[in-house]
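What follows is chain A paired twice: with chain B in the first complex and chain C in the second.
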Partner chain A sequence: MFNITLIILFFQNTRKTLFSNFLNTIISLIFIIVINLICFKAFGWLIHNANWKVITSNLPLYAFGSFPPAEQWRPATWIFSLLSLSIITLFGPEWKWLRKNLLIAWAGTIPLGLYLLYGGIGISPIMSRHFGGLTLSILLTTCSSLFSLPLGIILALCRQSSLPLIRKLSSIYIDVMRAVPLISVLFFGQLLIPLFMPVGIEIDRVWRAIFAFTLFVSAYIAEDIRGGLQSIPSTQIEAASSLGLNKYQIIQFILIPQALRIALPALTNQSIGLFQNTSLMAILGLVELLGVGRSILANPEFIGQYIEVYIWLACVYWFVCTIMAVLARHLEQRMKINQANF
Partner chain B sequence: MKSSRKIFVQFVICMIFFSVIGILVNNLTVNLIRTGLGFNFNWLIKPASFALAEYPLPYSPSDSYAWALFIGWLNSLKVIISSLLVSTLLGTIIGFARTGKNSLLSFLSAGYITIIRQTPLLLQLMFWYFVGFLGLKDDMSIHIKDIFKISNQGIELSVFTLTSEFSALLLGLSIFTSAYIAEVIRGGILSVPRGQWEAFRSLGVSERKGLISIIIPQALPAIIPGLTSQYLNLAKNSTLAIAVGYSDIYAINDTIINQTGRAIECFMILLTSFLVLNLLISNSMEIINRIIINARKYN
Partner chain C sequence: MNPIVIAKNLTKSYTKGLRALDNVSLTVNQGKVLVVMGPSGSGKSTLIRTFNGLETFDRGELNVLGINIEPNHDERKIQKIRRRVGMVFQQFNLFPHLSILENITLAPVHVQKRSQIEAEDYGMYLLSQMGIDSHAKKYPSQLSGGEQQRVAIARALALKPELLLFDEPTSALDPERINEVLDAMRRLAEQGMTMIVVTHEIGFAKDVSDQVLFMDSGKVIETSTPEIFFSNAQHERSRKFLNQLDKQ
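Now for the complex of A and B:
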């Protein structure tokens, strides 16, 4: 019985929202027809015309680039550990010791990833020019966000400093970085940093890219955190200083934790944007996810299969971005709960 | 902090800053001397000797580098302004559809916004260029009589033609930015209190008239700042033109660096031209903002 009322309610609702007047009815009908046509065409294409061999036969290439095949278990382990850690964070049991150690586990993934990729003690070292595919995209994202967060916090604090010189310098830096396009900063990283280095010192391309991303993203993060800092009421600072905390303690225990929590949604958007923007390195010569797609399309065997490759890449980007967004929402909710317990 | 200590700290920071800059510049001069390049802008007046696919002003390969750069800047401006208009139009429609009563439209536009925002712009640009335009076979074209025609040569309107590079860039940038603009518009409309809607409905004002004369004027002050930052993002994103082979300011700088090796000078030119572009956009938006605020005052 309950189901029937629900269905009737649904139809009434549809009538109200889709067919409320003449114009609305026409618009809805046109859109329903167009969507049906598109779906039929798309399904027909997917079943009859699409040739997914370009994806299935190149899966290791998309995931690891030109990493030596014998060592591909290393990036695979890393990606797998990241994925399983996300699943544990989202759906894992609510054990207290587990929740406490999750943050340490997340922080540990970056050194683990660097160790597994570069090699060193116990496993054979591998040059960074063999990195590629999704592994490289994730490496660029994680390392740059790790470095740009503290830099962004420092810049935001400097911009609010009482010393005019520091304030001016950091605001000039932030404004200039926000005014130039990312690709020019990355270009600076790839072409100009070697010119600024002393003769004989060379930094490899991956680290130059991470450096450029850090420079760029930290300016944006600084602005987000400044927004967080400004929304903290000044009574907090007064209360803290009347309790006898000194300047650095106030910054460390009062300002930064609250500012970070307020800025968290904006910071999430920055890191999702950063992951998407790692695709720019495809133009500048690093073979990350999009770069792999381009090089596969240049292969005579798969020539012209643009649609399959691009749809596949879009799905991968979409998937990773969604995971990041869901994780961030989870973090936001946990922080809200903590605040309520306070 | 005491003022004498403040001055001392600032002095120390100043010294550190200038010594780091000094070391970097020293490295740079050593490297430039080593590669035999030096630092000057005399090369700007030499003939560029590369062809450009499209130029709004007359250009030939025998013209100077400076002229080529200026043409590139104009090309950038052209694509920015046209996609700015298209994306505003598209974003407004989608934003209204997202907030409107028709749940099908609202669902569709929500899906559109999510898909567009979760995939990289570069991928979208390549999709529109390689699949949307170059993917069309030579004999395949969509046309409505002689007025409008889409083929792998680009879009042909009766009066003028757009090359396929320009059209792909225009389409990609507009669609990408429109998703963000739709969110800005939606936020603006939602920022108008519900009571305003109820008030004009209870006064018997028609839905359309109420939207135009009650809701939009109140939503605009919330929309304009978001819109400005989206326009600035659009200008910055237009540098991805190099991926589809459109000769904008970045692509031309890239060509010149490959030809002459003048990386430092070209980089400075690129930065300056972008600062000028940014100032242009933010100042004109500031003027629009002031006009809107004034208009509200006199009402």
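Now for the complex of A and C:
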């Protein structure tokens, strides 16, 4: 009974919206046919033609690249810890000590990741050229974000400095970095830095990539934070200075916390963009997630299966970016309660 | 009598030749309440903001709490004074990202280097004095205007100031909320706090102040006791202003 009324309601609604007159009926019919054709074709391909063996037999490769198989538990542990921390942050209980220590836990994941990947005390050291796949993409993203945030804050503050030289230098830096394409900065990191280095000193390729990403992203972050700084009313500075706080205390306790809150949505954008941009490293010879896909396609066994591979890669990128976006929204929600009412 | 603020011939002009302050002289003694009145743009706010160095002046002498403030002073020297002078603003200017208690403990902990526990204890004491200790864990945006302004007063008191400056503390409040702030200020005056208050609240000025200063276009027009000022103002300009206020 209930179901029947629902169905009748549905048909009445569609008649009103899609088939209200002759022209609408024709347009609706054409679109329905086109959409159906596309969907049938796509599903037919997915079920009958697609050969998912190219994905399933290479899963460790996508995740860890050429990391020695005996040691793959290490990056696996790291990714698992990141994933479980995300789940705890999103759905975990509201215990006060837990919420307080979550930030420390998040900050701790980067040294943990570096230790697990590079090895050292207790576990065998592994060269960075064995890093790859999703692990490498995440490593590049987290390390570059970690370094570019403080650099971006410093640049933003310098850009508002009262000393003309510092102000000019930082604004030139920001403008130059925003005027060149990311790929050229990455080329600079991979090809030119080794030339500038004295003989015998070599920075490994992963760190050169992180360095280049940091240089580039910090300029954008600086602009986001400058926007945040400028939207803080000057009365906040007056109130703080009339309490006797000095310039640096005002920056530390009043300006930066508020600017970061205001800039948070923009910063999320930057870090999601950064994760996607790590795929550019595939061109420059680092075998991260996209690079793994390309190298698998170059394998004669899987030749021509690029549709399967790229659909799979798109799903993985989508999944990670969605987690990042949801985490950022969660953070925004938590901060909303003490949002500004200037 | 121990003078807290002595100003002699303070003058400040803006670039267009407009005088914000024009030969302003005044003295405020310890434990006294000075009310500054005047139409908007008369320089009242500029005047009290020079007392804690938020504004500079061009000429004249200014001595606050025994420390000389020079014209076009250096930001760093002024900090010694700011630690001993509290200020309450028209728009409260609480820090929106800090809880009420954190707003109050920020300066004692980082400026006076008191311990967190001591600062929190004293902060809670001040909040209970203001009748808002139940809000300590909330954030400014969760409070009404009157409550926020009382937090701002508590924040100014947290440094145990010897002088409190009020810059139109009730002008941004709903009429029903004005009294809770004025009552808190009355109690402070009874406790012997030295206060300089820019306000249009005639009732408050009549009851609490020891001296009323009336300003127009940067000049001091009249200084007298509240009894004389409100019943028998000497100056035509003051009478006109009081008439306008009465009509409202």
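One rule holds for everything that comes next: the second predicted complex is superposed on the first by the 308 of 342 C-alpha atoms of A that agree within 3 Å, B and C clash if a C-alpha of one lies under 4 Å from a C-alpha of the other, contacts with A are read in each partner's own complex, and residues count from 1 in each chain.
Rule of thumb we're sticking to: a contact is a pair of C-beta atoms (placed from the backbone, for glycine too) under 8 Å apart; a residue touches a chain by one contact, two chains touch by 3 or more.
For clarity, every value in this text was computed on a predicted model and none was experimentally measured.
With both structures placed on the common chain, the touch criterion links A:I254 to chain C but leaves chain B unconnected. Number of chain A residues touched is higher for B, counting chain B against chain C.
After overlaying the two complexes on the shared chain, residue contacts for A:I27 are found with chain B alone; chain C is out of touch.
Once the two complexes are overlaid on the shared chain, A:A239 sits against chain C while remaining clear of chain B.
Of the two partner chains placed around the shared chain by superposition, neither chain B nor chain C is touched by A:E301. Once the two complexes are laid over each other on the shared chain, residue contacts for A:W318 go to chain B alone; chain C is not touched. Shared-chain residue A:E332: touches no atom of chain B or chain C. Once the two complexes are laid over each other on the shared chain, residue contacts for A:M197 go to chain B alone; chain C is not touched. Those residues of chain B whose C-beta lies close enough to touch chain A in the complex are 1, 6, 9-10, 13-14, 17, 24, 27-28, 30-32, 34, 101-105, 108, 115, 118-123, 126-127, 130-131, 135, 232, 235-237, 239-240, 242-243, 250, 254, 257, 263-264, 267, 270-271, 274-275, 278. Chain contact summary for the complex, chain A toward chain C: residues 235-236, 238-247, 249, 253-254, 257-258, 261, 337-342. Within the complex, the chain A residues that touch chain B are 14, 17-18, 20, 24, 27-28, 31-32, 35, 162-166, 169, 176, 179-184, 187-188, 191-192, 194-199, 272, 276-277, 279-280, 282-283, 290, 294, 297, 306-307, 310, 313-314, 317-318, 321-322. Per the touch definition, chain C reaches chain A in the complex via residues 52, 54, 75-76, 79, 82-83, 85-87, 89, 91, 93-99, 106-107, 110-111, 139-142, 155-156, 159.
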